[in-house]
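Structures for review follow.
Paired with subunit B in one complex and with subunit C in the other, subunit A is shared by the two complexes that follow.
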Partner chain A sequence: MLWEFSYKKTWLHKINPSFKLAIVFLLCIQVLFIHNLNFIINYMLAVLILYLFFTGHPSMRLLLISVPFIILFLTSSTSMIFFGKGEETWFEWGLIHVTEESFFRGIHIGVRGLIFAVLGVVFALTTRPVYLFYSLMQQLKLRPKYAYSFLAAVQLIPIMVEEMQNRRSALKVRGVQYRKGFSGFIDKFRLYSIPLLSQSIRRAHRLAVAMEAKSFQGAANRTFYYKMGFSWLDIVLLLYFIISISASYFLAIYFPYFPATDVRFG
Partner chain B sequence: MSTVSSVKNLRLKFPGNDSLLFKDFSISFQQGEKVLLLGPSGSGKSTLLQVLAGLIPQSIDVPLKADQLTIPESWGFLFQDPDTQFCMPYVDEEIAFVLENVKIPPGHMNDIIVYYLHQVGLELDSIHTRIQTLSGGMKQRLAIASILALQPEVLFLDEPTALLDPEGTSQVWNTIKDIGKEKTVIIVEHKIDEVIDYVDRIVLFNAQGELLGDGPKDVIFQQYKQTLYKQGVWYPGIWDDYLQDSHPSKPVISNPRETPVLSLENFSGYRGKNKKVFVDDTKIYSGEWIAVLGENGAGKTTLLHSLMDLIKTSGAYYVFGKNKKKIKRLSDFVSFVFQNPELQFVTNSVYEELAYTLRILEWDAGTIDHRVGHLLQLFNLDTYKAQHPYQLSMGQKRRLSVAVALAQNQPILLLDEPTFGQDAVNTFAILEELERLRKEGTTIVMATHDWQIVRNFASRCWHIENGRLTKEDAAIECTNIYPSHILQ
Partner chain C sequence: MSKGLKLTDLLVTVIVAIIFGIIYKIWGPLYGVLSTFGLQVEQLIYGMWFIAATVAFLIIRKPGVALLAEVAAAHGEFIFGGEWGISTLLFGIGQGLAAELIFAVFRYKRFDLFVVCLAGIASGVASLGIDYFYGYINDLVLWNFLLMVIFRLLSSVMIAGMVGYTIVRALEKTGATSLVRPASMEDYKALE
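Let's turn to the complex of A and B:
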């Protein structure tokens, strides 16, 4: 089984991973302080443009990945819309109480969640773990001991998936039958979880021994196969966000589509 | 010549075991020697290798005591499992990882990577190839390339081909012969056919980890032939000696008057949406021993998996005239031995492992104990019955996996290379037990590469080509026509 999807390399792939990580991190914090619904919707569009056009992944895959986002958006916004506080009642039925304020606040929360998710996925789709950790070691002085441990762990993921299928076959061969309903779930959990965990630990140990046998000491003085530097594309990314966020802000001020400029209650 | 590696009065004990694995054990190796450590499985050869390399106690925490221990200045260690040696996803990155460890300047790395890959005969389209796309033999050669990057004077090889097919095995040994000319090479290996010409010294162990003999290979083979045979270690010509002692009766060819044990028509097995194996029409009768033959990747394992219903299948599949779709639990009729013995295990001790299926079937405790005791004895596992299956040696695991499959006495046995990487005594023990069952009417379907097994035990061969069952022969005929990379 191949554990990698094919994709086209875009300019987002060429950005220094540490720099990209820092930007994503800062943006996520900044989003927390936006209370203007119009601003945050414009903001989301700016992020979505990167997701839709510049990750280099085929559109079918992007569509598939977006399914959980949409679910996230619907669940987080509807609960606020249905049950949030507010004075301008639009609709009331039993426990459900939709008001103008709760409606806008619900949309706002949903959009905020979407921005977090899309930023994270854009980062994940355009960053190879190997480059990320090389960059973390070179730019942010992460200890090689930790960096290579993570990289080795990534190698174990596909093996674990295989392990799971193997386990299913083994249990079938041995004639295991599960009880019905919830007890069956408990049976399965018991028969899968511990062995899979112990197998992973064994493999991790074996891999660690193999790495040490290749004279890996985890020390900081080592050479690097990949040199992770900075380029003008890093500035392009920075400018993209400065311009798009400013534009979102001014558009929100001068051409608002919703009257809600501050969704906070009270 | 100078001593490059030695140990004096080694004492070592695994936590939880009562007895010492090595007691005042001494050995030394001279520069340039090619040494084979030989002995029954579980005799501590791999452990000794790890001690000599300094992996024990540095990386693996096992208490040991030695008066003197010389670890070579530079060494490389090749492990058994090709899948847990690499920490990077791509070929070039993996070798670069080693080069980084020894602080080679980045500018030189590319040339060095290309050089070592060429040395081990890995001619890839691009050095930036995903490791997962390589076959087992190629992975082991990549592992050799990355070891070479350490410029080792001593190579420690711990059953490097135990999990490889014949083709991968000879690739790996040819590579080692190529690159190891100047080096000291210390080898642990059960499949000695490929290495025997290469080594000049043999160190012989018994099952308790004691030294039986140490000397030039010819001397060892002459003086210790009886011991080798008794200890069940492969040596050239052991099959002849074995066949002289015991005459396995050749199974009869199918008897079409009975109802078939198993019949297939228009039968296909799928991996995902792809049809991977196809059988037009065949029947198997009681007491047959079918050898499934074919090149690597031809679909032998997949065919066995579809017979066990582990993957999606279509077409007609009847067991004792009963449609498979109507059978609630196929494992009541069919038993299976996986290629990788670890896949077989579902419990935490050897004893429990053997009792597991019997408990599901609700046998009473006394009968279970009796049956398990018998199997432990038969497969030489009595001493290990409280151990976790994963703690056994490779050979012991293989034995246990076969024992597990026999516990319930199902009428049909599917085996995926059950004697692979096994020492001689256990190979014969497994074959004899299978033969005994077959005489009692059990039907055996077994993928194998070993032509001695085909010639002396099988009744019929299935030839698998590109996933299709293309030909069925009486076993005597098929050993003559198959090329050597399919039958060893």
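Let's turn to the complex of A and C:
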């Protein structure tokens, strides 16, 4: 799990988790409404700075985490590049039809995906889930029973992994043969999913009974082990995004990299 | 008896959702591999990302469960480092709401294959709606766009609908679901 690795604490770790989640979520919605390729590239750089320098994780780990994102960038942009609408033809071969418009639009979608990914990873790398849920209860008034359900569920993951290994050994001991190809996949899916799910339901039920006995479903004015608050660093993060995003916008208008100012067709 | 979700309902929903969150995370690279073939074949497995809502609802059979499960599963995928990062949450909320809406239309009283498939389709439509902004899918050439829509809705029915329904039918045989479901008329009759 990401949060069990060692890392240095940076200012991003100290920001109120609810506030951070709200900002990241709002940025995510804003990015959906950016159609200017130059703007979105600058935007990505602004987000990338946080990822590269302020998560407090070693650079090898950051590099490793970024591999799937780069693959996603390629796969998510190619579909639009090859099959998008456009008039300025660059290349045509069978069904594939690459145009200037579809190319820029494809790159745009790829960059947008990268922004989502990087924002998400920055959040995940700098936020302990325990603090997030305590903060959601205290700042956003999430009902304690929801928060504690999540926290309990996260704690159960290692048990599920162990159970899966047990299941694998058990099936091996019994000499279970799988069919070849896709049917084999279905066999495996059936043999693993049903026992794992049913055991999890039973365990969740037992755990819930125990938690109810301890009044975890809880009254509104309960006390908390961790107290989450706000600090001036929250304002720093807000200012960082306001300044960097405005700068990205004006740089995109005065110093564009590409002529594409709106990647939508027509 | 209170009408809202009890701690048991919540915990079961969230744990089932987290299991699917792990599957959602594994589904990402698989989707990526299929994407390299082009022609939208990757859409044929897209329906897996709607399955948490339908399975959780079929297990618990209470209002709010579908939405909670889909959001929790998306959150799981997100904290396990899913490729789509924060947008996963947005898709989760949209897809969960859509499935919830279908179950609400039937007043949370129908748990058959038809309603579950319909909920899958609704989630599929919601995801397409978000993709309209995210991926400009309407700017694909028409045949490619239609291929995408058809494949995605097909997989919604196949995976979120049929596979989800089959899983829960199998779970019912294990007896685990009777722990968490509200007692039905048949249960009372069995007591007499």
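Descriptive notes on the structure:
As a convention for this text, the second predicted complex is superposed on the first by the 260 of 266 C-alpha atoms of A that agree within 3 Å, B and C clash if a C-alpha of one lies under 4 Å from a C-alpha of the other, contacts with A are read in each partner's own complex, and residues count from 1 in each chain.
FYI, a residue touches a chain if its C-beta (ideal position, glycine included) is under 8 Å from a C-beta of that chain, and two chains touch if they have at least 3 such contacts.
Just so you know, these numbers come straight off a predicted model, no measurement behind them.
When both complexes are superposed on subunit A, subunit B and subunit C sit side by side without a clash. Which of subunit B and subunit C touches more residues of subunit A: that partner is C.
By the touch criterion defined above, A:201 reaches subunit C but does not reach subunit B.
When both complexes are overlaid on chain A, the residue A:232 reaches neither subunit B nor subunit C.
Residue contacts after overlaying the shared chain place A:83 against subunit C, while subunit B stays out of touching range. Applying the stated contact rule after C-alpha superposition, one finds that A:254 touches neither subunit B nor subunit C.
Contact with subunit B, but none with subunit C, is seen for A:175 once the two complexes are overlaid on the shared chain.
By the touch criterion defined above, A:217 reaches both subunit B and subunit C. For the combined arrangement built by superposing the two complexes, subunit A sits at the apex of an angle of 70 degrees to subunit B and subunit C, based on C-alpha centres and given in steps of 10. Look at A:154: by the touch rule set out above, it reaches both subunit B and subunit C.
Contact with subunit C, but none with subunit B, is seen for A:109 once the two complexes are overlaid on the shared chain. When both complexes are overlaid on chain A, the residue A:72 reaches subunit C alone and has no touch with subunit B.
Figure legend note: subunit B and subunit C, brought together by superposition on chain A, show a least Cα distance of 6 Å.
Once the two complexes are overlaid on chain A, the subunit A residues touched by subunit B in the first and by subunit C in the second are 1-2, 148, 152, 154, 195, 198, 202-203, 207-209, 211-212, 216-217. Every residue of subunit C that touches subunit A in the complex is listed here, in rising order: 6-8, 10-19, 22, 28-29, 32, 35-36, 38-40, 59, 68, 72, 75, 78-90, 130, 133-136, 139-141, 144, 167, 170-171, 174-177, 179-180.
Contact residues of subunit A toward subunit B in the complex are 1-4, 130, 148, 151-152, 154-155, 158-159, 166, 169-177, 191, 195, 198, 202-203, 206-217, 221-225, 227. Remark: subunit B residues 53, 55, 58-60, 76-77, 79, 81, 83-90, 92-93, 96-106, 109, 130, 132-133, 146-147, 150, 305, 308-310, 329, 331-332, 335-336, 338, 340, 343-346, 356-357, 360-361, 390, 404, 408 touch subunit A in the complex. Across the interface of their complex, subunit C is touched by residues 1-2, 24-25, 27-29, 32-33, 65, 68-69, 71-72, 75-76, 78-80, 82-85, 95-97, 102, 105, 108-109, 112-113, 116-121, 123-124, 129, 145-146, 148-150, 152-154, 156-157, 160, 190, 193-205, 207-209, 211-212, 216-217, 263-265 of subunit A.
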